[in-house]
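For reference, chains read A, B and C in written order, and residue numbers begin at 1 within each chain.
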Amino acid sequence: MSDIIRTEGLGKYFGEMAAVHEVTVGLKEGLFTSIIGPNGAGKTTLINLLSGYLLPDRGRIFFRGTEITRMRPDKRVKIGISRSFQVMNIFPRLTVFENILLPVLSRLNKNSRPLASVRSQKEAVAEAEKTLQEVWLQEERDSPAGTLSHGDQRLLELGIAVASNPQLCFLDEPSSGMNPIERVKVLELVKKLSAERKTTFAIVEHDMDVVFSLSDWIVVMNRGEILAEGKPDEIRDNKEVRDIYLGEEI
Amino acid sequence: MKKTLAIGSLVVFLAILPHFAGQYILYMTIHIMILSLFSLGFNLLFGYTGLLSFGQAGFYAAGAYGCGKILLAFPSLLAGIIGGVAVAGVASFLLGILCIRHTRIYFSMLTLSFGMMIFSLAWKWRDMTGGDDGLVGIPRAPLEIPGLLRLNMTPMENYYYVVLVFSLLAIYLFHRLVHSPMGLTLQGIRDSETRTSCVGISVRNYRLISFTIAGMYAGLAGALLPPLESTVTPPIAHWSHSAEPVLATLLGGIYTFAGPIVGAVLFYILKDIIVRFTEYWLICLGVIVVVLVLGFRGGVMSIFSGKGGQG
Amino acid sequence: METLAFQGLVGLSVAMYLWLLAAGLTIVFGVLGVLNFAHGSLFMLGAYFAFTFYGLWGVNFWLAIALSLVSVAAVGYLLERFFLRHIYNQDHAYQLLLTFGFILIFDDLVKMVWGGVAKIPPMPDFFEGTLRIFGRPYPFYNLFIIGAGLLVAVVLWLIFEKTWWGKMVRASASDREMASAIGVNIPTIFTGVFVFGAMLAALGGALGTPVRVVAPGIGSAMIIQAFIITVIGGLGNLKGAFVGAVIVGVVSAYGILLFPVFELFLIFLIMAVVLMVKPQGLFGS
């Protein structure tokens, strides 16, 4: 199985502090990967570097063998990498449908047409409708996204991330800030998307039940470096990993 | 259906206006149409793309001076108007390249700065712009398409129709634009630049497009002025003139299509009333802005659509 | 050569007014996160108040300046407490729009109270006269202004580096939540900083009355240069504001001498270059 994305000696520093240091890791295509680690371990920074939101100070990133180290985030989306955000990032004044439609239009390279009506973009509209149903939001189709409940906004956030039909999708703490009922729903959706789409998912997650039930592969970070990686069982038995979680049941 | 009927009636009304209205009303209506175009451009930037520009008067002036200079040398109305739009378009494209790479506050202040820079040029560059005297004696040139038609513009009614046609066309194009995929892209940028970039769109390019189109609308508005007034003077480039589309849009409703147009009408009505009572028009403008910003974000249109209010 | 040196000195005195205006602007932005468009109006009010006390009512020059500062402080207090405070956490656009509305209000208010004609107040006796520098007569008053500007720079440095209040303000600027958690009364600090900034602007306006015209719109004309200065120096950075003011003042002066008509262009060009090379300003972070 090949690496869909890999890094070599990736480093990002804020003054004296190393957010990410000497990270060499590869995510295998088709495997559901979870990135775990204590707070401040560098997980979100790594996602930011891989998705282009931040540029690294050192090291390189390769997507399917092509170097993308300094590629802009919008270009990375065009080559098949997408992400969701830990802090909700939707289009609040657009309707739920429009939130999904925009990434679809972008993927089909139709978002720049200045005089055609949105309605006339039949292919994009159909695909957006499908994705809308996929994330269980067809009822809220015409509501402004900002008026949705917190839980539904999360579903929308996931919908936007997969609407560009990515090959690789990073989900940064998809269930953060949710009450238990909402969490279950969101994680169900993640499971469903992972099963039904040809996308490789990589998530940052704190809930160990979720991590161990969903993942094919786990990467453990600590203090900006990769501590360990492997199959869930290997990680569960790894002494160093258990140490950093200080006896938590993992 | 109701909407189409309303718009249709309005267009018909405007078309037959010259038959029963006097010169003053026609003159005011032309000014309202000019402000509408000016404000639509402003709102493309603000309501649709999320960029607050205080320098649109600079492009208005570019259009006005451009048209004026062309008409003084070559009296063809079409050449003047289209030329004015072109000058404004080039100016907004070039200045846009500089401005759109920056965040909201910087952007707003940059636009204020270059707007005043254009004002300063208009005021001091005597050779080119006539200095503080401005351009005078601009003819209301005939509408001429060589070989096809030649319409005399001396009667105001004729010029009124020219402005009406240009305005309706521009409004129609604007409508197509904001309901198009590009329009959706701009609104995405307004709502969340990060998200827009993370769905694969180059935010900077679209901001520049929006800025240039807004500049061209300002330029069109400006270009329609010289044939009406026969003079062009520096105050049209001053930031206080940039305040007019801002106020009109706030009054009418920022996040709506018709808001700027409704606002332009209200603006002129208000101005007409206020000026009868006091010469201190700016203070009233300022108070209205403060009241709208603190309490009534959605403007007048929010009454109709139920959206807006405390932003 | 002498002409150039002289013109540089002329630019330096203009720079001091710009420094006073920019200092308040940048402090208010650094701490409150608000860019006060109407800051120039406070400068203008400072000039008008000083003119009234000193030029119309014959009050002692120094007292007139002090009274002017107090008057503008009161205006600043009202502005912050009753208007600005409501929109702190909102989109920057609304802050800009609100303060823009106030520029319009102040410009006309000033016309209503003082009339629209420009005023030219008299020069205080002890500053009459000129000094021969670089072969030309240079007004004493301008030397005083340069001195005053430098003095203010030193005083501001002392306040923000050495005093308890200054440190509290810096803490609030860099981490609002943390400062609040350790008991700093943020709303009070904010009002205090805003009033402080207003007084700096007023000082600039007031000190300018003997040599500059007092007319509606003088503040708005300078606010753009003040903004350019804060961009060049770095928003929120006092050192940057000082250096930026000197650059803008001196370059403007040379511009007027060497490339009249285009001097605003020159300043704009410098700002554009800074924005391209170091967008956070020369001293920004």
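Throughout what follows, contacts are C-beta pairs under 8 Å (C-beta built on N, C-alpha and C of every residue); 3 or more make two chains touch, one makes a residue touch a chain.
All values reported here derive from a predicted model rather than from experimental measurement.
Novice: If you check the contacts of subunit A and subunit B, which chains show up for both?
Specialist: none
Novice: Can you name the chain whose C-alpha mean lies closest to the mean of all the C-alpha atoms?
Specialist: B
Novice: Measuring centre to centre with C-alpha atoms, which chain is farthest from subunit C?
Specialist: A
Novice: Quick one: report the Å distance separating subunit A from subunit B, using the average Cα coordinate of each chain.
Specialist: 42
Novice: What is the distance in Å between the mean C-alpha positions of subunit A and subunit C?
Specialist: 48
Novice: Between subunit B and subunit C, what is the gap in Å from one C-alpha centre to the other?
Specialist: That gives a centre separation of 33 Å.
Novice: Looking at the complex, which residues from subunit B come into contact with subunit A?
Specialist: That would be residues 173, 176-177, 179-185, 187-188, 190-192, 194-203, 206, 255 of subunit B.
Novice: Which of the residues in subunit C come into contact with subunit B in the complex?
Specialist: 35, 83, 86-87, 90-94, 96-98, 100-109, 111-112, 220, 224, 227-228, 231, 260-261, 264-265, 268, 271-272, 275, 279
Novice: For a test of understanding, state which residues of subunit A touch subunit B in their complex under the given definition.
Specialist: Answer in residue numbers: 51, 53, 72-75, 77-78, 82-83, 85, 89-94, 98, 101-103, 105-107, 110-118, 121, 124, 160, 163-164.
Novice: Hey, which residues of subunit B end up touching subunit C in the complex?
Specialist: Residues 46, 50, 52, 54, 98, 101-102, 104-106, 108-109, 112-114, 116-117, 120-121, 124-125, 239-240, 243, 246, 250, 280-283, 285-290, 293-294, 297, 311.
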